[in-house]
Structure formats: structure tokens, C-alpha cells
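Read from first to last, the chains carry the letters A, B, C and D; within each, the first residue is number 1.
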Amino acid sequence: MRRLLYRYRPGTPRMTSGGSTVEGSGKKISTRDVVDMESIKTIFYEEPELKDPILIEGLPGVGNVGKLAAEHLLDQIEAVKMADIYSKHFPPQVVVDDDGVSNLVNNELYYSKGEGGRPDLIMLLGDYQGLTPEGQYELSDHVLQVAIKFGAKMVFTLGGYGIGKMVEEPRVLGAATDIELVEEMKEKGVVFSRGEPGSGIVGASGLLLGLGKVYGIKAVCLMGETSGYFVDPKGAEAVLRVLAEILNVEIDFSDLEDKAEQIDMITSKLKEIENPQEPKREDLGYIG
Amino acid sequence: MRRLLYRYRPGTPRMTSGGSTVEGSGKKISTRDVVDMESIKTIFYEEPELKDPILIEGLPGVGNVGKLAAEHLLDQIEAVKMADIYSKHFPPQVVVDDDGVSNLVNNELYYSKGEGGRPDLIMLLGDYQGLTPEGQYELSDHVLQVAIKFGAKMVFTLGGYGIGKMVEEPRVLGAATDIELVEEMKEKGVVFSRGEPGSGIVGASGLLLGLGKVYGIKAVCLMGETSGYFVDPKGAEAVLRVLAEILNVEIDFSDLEDKAEQIDMITSKLKEIENPQEPKREDLGYIG
Amino acid sequence: MRRLLYRYRPGTPRMTSGGSTVEGSGKKISTRDVVDMESIKTIFYEEPELKDPILIEGLPGVGNVGKLAAEHLLDQIEAVKMADIYSKHFPPQVVVDDDGVSNLVNNELYYSKGEGGRPDLIMLLGDYQGLTPEGQYELSDHVLQVAIKFGAKMVFTLGGYGIGKMVEEPRVLGAATDIELVEEMKEKGVVFSRGEPGSGIVGASGLLLGLGKVYGIKAVCLMGETSGYFVDPKGAEAVLRVLAEILNVEIDFSDLEDKAEQIDMITSKLKEIENPQEPKREDLGYIG
Amino acid sequence: MRRLLYRYRPGTPRMTSGGSTVEGSGKKISTRDVVDMESIKTIFYEEPELKDPILIEGLPGVGNVGKLAAEHLLDQIEAVKMADIYSKHFPPQVVVDDDGVSNLVNNELYYSKGEGGRPDLIMLLGDYQGLTPEGQYELSDHVLQVAIKFGAKMVFTLGGYGIGKMVEEPRVLGAATDIELVEEMKEKGVVFSRGEPGSGIVGASGLLLGLGKVYGIKAVCLMGETSGYFVDPKGAEAVLRVLAEILNVEIDFSDLEDKAEQIDMITSKLKEIENPQEPKREDLGYIG
């Protein structure tokens, strides 16, 4: 066994030290049965039996409306973590929690058995979407295939619709995979407004509709109006109120309302800074 | 079955709650036979018997000349939707129509049986091209393979040739896969001008020629002169007039001509705004 | 055998000369059993028997703290080059050494048999990380698989933690794959500070933790505080002092200390240039 | 057979017309045995018997020195086109020649039987390199595999070395896969200068050395000094003079010298424009 004793030579790139050995190595190439990393690596902790589960997506987006709505729903029902989704399409990064424990950037799947007339649910949550268009396609396609294997025939994607100005009573705009579904949603108070969203729907909230339709799955996107300038619990509440009625589930909105108030306070403070009260005319009256 | 009851802990990233369960999961990895998404997913609604069909491409490009020409031709003949082409090379997006119905970004294939001396046609239409060079190669190669399976031996790609200024009588420039084809096209009034296009032809209009030649398919690109500043129905008309004669098809151009007039009106308005009429000398005469 | 005698025709792109021959070549396509390049090509010079080796990563990063620490450790122990890792995810480039000998950009694996209570080690060194997020995932996943095949059950990744200002006594911050490991590391003087690193850990130092956890491997990231403005031997020394105690290895730090002094001299010089000594009051006293 | 007669409805995105038919199409997905495009598509026109051929690369780079040198060599010897290399890593584009004939962007392989002591040659020429790092790796790896199949054991890559200023007598710098080769090249007048090229060698000229070494192939890069501001026939001549002696081939340099003179004329003209002759003192003497 040739032993190449390693010595660090300052000013000499390390690569050379190995250089001479690489020479005749054309025939020595070996990969030791190392396999390429899958694009998407999903780890299941449970594979529950579900009855016609509905897939609900709440990933980050405009005003994080969809994410807030889905997280609040998860808060309000009994849900079980069923899988972690890791992918080379996510940022190459770990998140470190307050205890110092690291976790690879991921998306998560939760399930919840239906009760009180509420159907079984599979929920897609996470702090990231794919970094590239290809990645977003692959991730949405992957999640759809998984949901279909668990029996899903229906999808709701939750998102925000940025209108560029603060809004008191956010509407919930919608898009759906077919016209019958559009009519159903109108009855639930979802607004289908010609030319809104004009630019279409981008990312997971759009792809799950688009690919779902290709797979023959019915899907609806619920978009809460939001300024788009802040994380917007108010838009999330609007979306969740519509979804709660559709899913037939009781929701306590106090948390979201508290968060909404906090945001309102911050934004009003910011307004003051930007346009301070002008001194009134008479204040200056004594001048000359 | 371990049930990990989910609780939302504010300030704690969700990922940690799953963390502890991930630990021992080295052996639990499973992908549930989920397959990777194909780069291109083509859905056929019909697989017609066609006789030496000619493939015609009209995707977006300079002045959308090719797209307008192809759509107008589709308008004028009896065509049947035969396939939808979806791809992770397109934007990760759905388009929402005025009814609120969503459709995944795609390209489309139509076919039309020949009549009155007009050959069978396969038409490639859509609102998008691949986002990346690789994607554009894969999409053009895919469409060519499909066309060849349906018996195609000839391709026409339609596009615009931007000249940076308004043009009254747009010429139709050409490029072809071999010199005999160049001569044929000259007889149809196509202009082959040394050094035009100097930069070559980019995107599907170019790749279908280039890859077609590799596959042994004859192909011609017809480029209508256009300013490149506006969607240009006039350039589209010029291209289509040439193509119509080649294909031996009657075309009513009134729609395109109406659109052209609308554009002319807009552009002339814009001109006025940019260079307003200068006040005449005498208007100022009274001054001093 | 048709001989197409090549002649250069100025002004004519070379491609045309081949053009006419490409025509009928649809059926002549051949790839002569040429295989696609693997994403990662690892060449092993030795495949040693190792007992529960610990994988140590020291690739470039903030202040090159991790790289300096790992290279210094390699300097201090008897290590043998075991493999070169080449990848299309690295820059498409060779490095040329002072003798004029070229070497393809790579990462390297070294191993060192344990002695005096020190465990067996596998060390990952190099001058580059993957250029893309996907590439970084694939490279870290590849190295982990290799390490696991050699029996590794534990990983230490070394890096810097940029704090944007010079630091006299750099702390060593940590992150780990589980809470027990966090506690162990605290006893070794590693600081686990709530919200540090706030942005998580990016690149190989993060991915080896994240993917390691997915594979059921324990992993720790040691981050030496550094300004991030300079290559920082002081941060490297801090990290290595902690690691040396954990690994139970004697280290002579004189080299690193010399380098640290050199850096200190440079930085203090730079300070002088930026804020020169102001002339003292009395110097100006004679004025008026 | 359902016939969906296509009608263009202005204001309605075309996609909807297909929408209703896509619905139930989950089971109708078909790809009609269409295969994905290979990353690299090489078409061989001849597969000659060659004796230890030497691969010579001359693709575009700094001052196009390597490309000019290789093209001039091709001009001077009897060479036969043996293959076209097409790839999705090249720009998605066709080039159109003066006759109006289109050709897909490519690289080309030529071969030349040795004569008069000159060895057999395989030459890699073209107007493009891969657009991405991955693409450059794959293309160089592909060409190397092909060359090896034809028996190549030696590679020369030709390039320019930009020094940022005009140079009268360009040196020819070198890099090689091993120290013996460095010594051989020194005897041929190649300069191996410590720290040149400092940044290593990027692109095909570098990768063929780097990957060649991995495959156990000897390789040399010859770099002609050039300003890097212009296409530089002078640098090309310097490189080719060295290569000609190594390959033992007679070369007529008159063409390259003519081109060099033309460039000199242009550059000197540009100099005049930038720093015009200043009026002499006395010209201004009469003033006051």
C-alpha cells in the first residue's frame, strides 16, 4: 500500500500533491456504488389510510397569506406529521432552532382524519418553494403524485393577491380547474373577477392547479387580497374563513386577529414617520 | 402507530417539531414509487392518420409576427386540437381565463386535413417558449420527433425580423435547410438577403430548422420585417400571404388588416405625443 | 470513402461546408457508445479499512476559517490522500502550479488512522464548493455516501461565523443534529446562542449536517467568529482548539499564530490609511 | 372520434379551448415513444482508422487566438470533416450563410492522416463553447471519449493569454499534465512562467487538460500572449509556429500575417482617434 505522506507546502496549491498520482489513474476510476442524489427525497413517518383526502397547500408567497392560513388551520385541528420532503431544488442550507439543533430546509406533509363532517386532509407546509422553475414543477408534480397515491381527488391552494395598497376588507379571489367548480366556489363567497389575477398564478399555488388538471384532479386556488408589503394575517383570515366553511370546520381566529392588530400598529407607526403631521397655519401666525 | 400531535410553538421554526423523528430515519427512507416528472408531458386527444403533413410553427417572437400569422391561419382553416404540450421548461404558472378557469402554461398541436390541393398540416401554437436554452432544444426536438411520427417531412417556421424602424411594405426574408429549397422559395417571393439575418435565427423558429436538418427534414423559416416595437399584424400578413401561396390555401385577411389599422392608429398617436406640432412663427410675432 | 477535402473560404461560416453532408444524415446518427459524464467522478487511490471514522469538512467559506482549520489539522497529523473528487458542478477550469503542471479543479479526501486515543479520520478538503444549489446538494450527498461506506457515523463541519467587525477573542458557535449532541458540545466550550446563526448554515457545512441527519448520521458544525473581511487564522485557531480537544489530538498552533500576526499587521496598516492620526492641537497653535 | 372544431375567440386565451378536454385526461397521457434529446448529438460522416492521433482543440477564447491558429492549421493540411457535434449546451440558434442556408450551431471534428513525419490529427473546431459550466464539462468529456476511441493518447489545446496591453513579440505560455511534458515543451520554446496563468485555464482549453489527466491522457495547453482587446492573428501565429515544430509540419503563415497587418492598421487608427496629435507650442504662439 503506497503511503503518500501528506505535507502542506505553502504557496503550492494542494491539488499538485495529488497530481502525480492521478496520472496513470485512467483505469483506476471507481465510484464505489455511490448513487446520485434523487431530486426529491421524501421520508414518510406514517402512511395512513385516508378516505378521499383533500390536499391543502400553504407555502410562502405574496404576504405569506397562504402560509399563515394553512399554519393556523394546522393549529386548529389535530394533525400528524406524515412526511418530510427534502430536495436539491431548495436552498442548500440548514435552519438552526433556538436549542442549536439543525434541520435541513424542507417542506412537510401533515394529515388529519376528518371529524364532525370535515373530510380527511393532507396539508403541504414549509418555509420554501423550489429555487428554479424546473424545481417548482418537479416539487408540485411530486406532491401531487403522493397525494393521489393516498386517494386525493381534490386540491385547495392558498395564496395572496397583491394589490399594492392597504385593504380593510380583503376579498378572496379564486381560480379553479373547471367551470362547475367556479360556480360552487362563487356560492361560498369566492370572487371570480374578470382579469384578476391578470398575470396568472405563479409557483406551487398555480402548478398544483395546472398539473392537477392534467392528472384529472379538481383544484381551487383561494387568494386573499393583500397589500403585498407586509406579512398579512388579515388576508390569511379572509382565506381561512372561506376555506373553513367549505371544509366544514370550526376555527378560532383570535390568534390571527392578534397578529393582524400587531401588523396594523406597525404599519400605522410607519405611516406617521413617512408623513408627519404638518404644523397648522396659526402656529406660524405670529411671524411678521 | 406513534401519533405526534402537532402543536404550533410561536418563535420555534416548524421544522424542529419534526426533527426528533427524522433522527433514526436513515433506514425509513421511502419514495412510494413516485416517479420523476418528465421534462415534457404531451397529452394526445387524437392521433390522426395524416399524409405527409407539413409542420407549421407560430410561437411568440419578435413582434409576435409568427404567432399572429399562425393563429390567423388556424382561424381560416378547419383545425382540430390534437395535443397539449406541458413542460418544466415553461414558466411555473397557470393562466386564468375570464371565467376563472385555470390552465397550465403550455404549447398546443393542431392538425388539419388537406383540401382543395392544400396539404395536411400540423400546427404548433402557444404563448410561451422554453425559459432556458436547454429547454428550447428539448421542446423543439420533442415536437420534431412527434411530427416525424405523424409522417412530416417538411417544416415551416414563422417569425419576425426586427429592423428597428416602422416599415410600410414589409418584405418576407427566408432561410432554408438546403440550397434547392432556397431557390424554390425565391420563386415564391421570399427574399434571401446576404447577411440578413446576421445574428442567425434564435429559438424554436431556428431550432426546428437546425434540428430538422439533423433529422433529414426539409425546413424553411419565413421572417416578416417588423419594427419590433409593437405586435405587428402587418408583418404577419406579409408572412401569411407567402405561406398561403405555398400551401395553396385561400385566406381572408380582413381581421389582420383591421388589427394592423388599430396598431397604426396607436403608433401615430404616440408619435404626436413625442413630437408635438411646434407653434408657428407668427404666433410669437407680437412679442416685442 | 468520400473524401471531403476541407478548404477555408473566408467570409463563409465553416458550418456550411459541412452542411450539405448533414442533409441525408437522419439515419447516420451515431454516438459510438460514448457515455454521458457522471455529475461527480471520484477516483480512489486507496480504500483503507477504517474503524468508525469521523468525517471532517473544511471547504472555503466565510473568512476561510473552516478551510484553514482543516488544512492545519491535516498538517499536524499523518494523513494519506485517498481520493480526488471531480464534478461538473465545479468551475470548468484547471489550476496551474508553479511548475506549470495543470490539475482539474477538485475536492480531495484524506484519511488518517487514529493513534493515542484519536479516532480514525476522513477529511474533505478543497478550494471550491459547487457552483449551484443543486450541485452543492449532490456533492455533499456524494461525500456522505462515501463516508458512510467507510463506516462513518459522525461528522464535524468547520466554518466561520461573520460578525462584521474585528474580534479579539473569537467564540466558537455550534449547531448539531440533535439536542444530546448540543449538550456534549457545550461541555467542550462550544457556544450555542439563541438566534445565532440566524440565517442558518449555507453550503457544505450546512448540508452535511442536514443530509447527515436524514441519513441518521450525527453531525456538528463548529463556527469560529470572524469579521468576514479577511482570511482569518485566528478564527481557525479557535475552531481547531475546540476540535482538537474533542478529537483528543495534540496540535502545534505556531503556524496559524504566525499567519494571524501577519493578518493583524495588514489590517492595522489598513486602519492607519483609513483614519490617519490627526495633527495635535498645539501643532496648529502658531496659526493666528 | 370527437372532433373539436377550432374557432379563435378574441380575448379568450387559447388554452381554455383545450381546457375542457384536458379534464378527464389523467389516463390519456401518452408520449408516443418520443425519447428525450441527448445532451450531445454527434453525427459521424466517417470513422477513419487512425494511428495514435493527436487531438488539437481550437475553440473561441481570449483574442480567438486558439481558434485562429487551429483554423489556419486546418487550412494548411489535408483534413476531412469526420463529425458534427450538436448539443443543448450550445446557444439555441441556427447560423444562416450567405446563400440563405441554415445550420445548427455546432462544433466540428476533422481528421488528417499524417504525412512527412507528421502524426495523424483529430481537430476540434467551432464557433461556440458550452453556455454553462456543466455544459462545458460534458462537451469536453464527450470529445475526449471520442478521441480516446479513435486511439488518441495526446492532446494540444490552443488559446490566448490576455495581458491587457498590445504586445509586439508574443510569447507562448504553456501548461501540461505532468512535469516531463513541461520539460519537453520548454525545449520547444514554450514559456512556463511561475504564476502565469494565475487564474488557471478556463473552458475547453483547460478542461481537456484536466479531464485528460483524469483519463490518463497527456495534454498541453499552448497560450499565445495577446492584448485580449482584438481578434489576434499575431498571437495565433506565435502559437502555431510552436505547434508546427512539435507536429513537424510545414506552414505558410502569409494569410495570418496579412490578417495581423489589417488588425494593426485598425488599432493604430483607433489610437489616433483616442489621442490626437496635440497642436505644437508655436501654433499657439501668436495668442496674446
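Just so it is clear, contacts are C-beta pairs under 8 Å (C-beta built on N, C-alpha and C of every residue); 3 or more make two chains touch, one makes a residue touch a chain.
What you see is a predicted model, and the numbers here were worked out from it, not measured in a lab.
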Chain A on chain B, rotation in degrees - Cα superposition, rounded to nearest 5: 90
Chain copies touching (chain C, chain D) - same or different residues, decided at half shared: different
Gap in Å, rounded to a whole number, between the CA centres of chain D and chain B: 31
Centroid spacing, where centroids are CA-atom means, of chain A and chain D in whole angstrom: 44
Of all residues in chain C, the ones touching two or more other chains: 19, 22, 25, 29, 41, 43, 84, 95, 98-99, 101, 103, 105, 177-178, 213-214
Footprint of chain B on chain D - complex, ascending: 1-8, 11-19, 21-22, 25, 28-37, 41, 43, 84, 86, 88-96, 98-105, 131
Complex contacts: residues of chain C adjacent to chain A: 38-47, 71, 74-75, 78-81, 84, 95, 97-99, 101, 103, 105-106, 108, 110, 125-127, 130, 133-134, 136-138, 140-142, 145-146, 149, 174-179, 182, 192, 194-195, 197, 200-203, 206-207, 209-211, 213-214, 219, 221
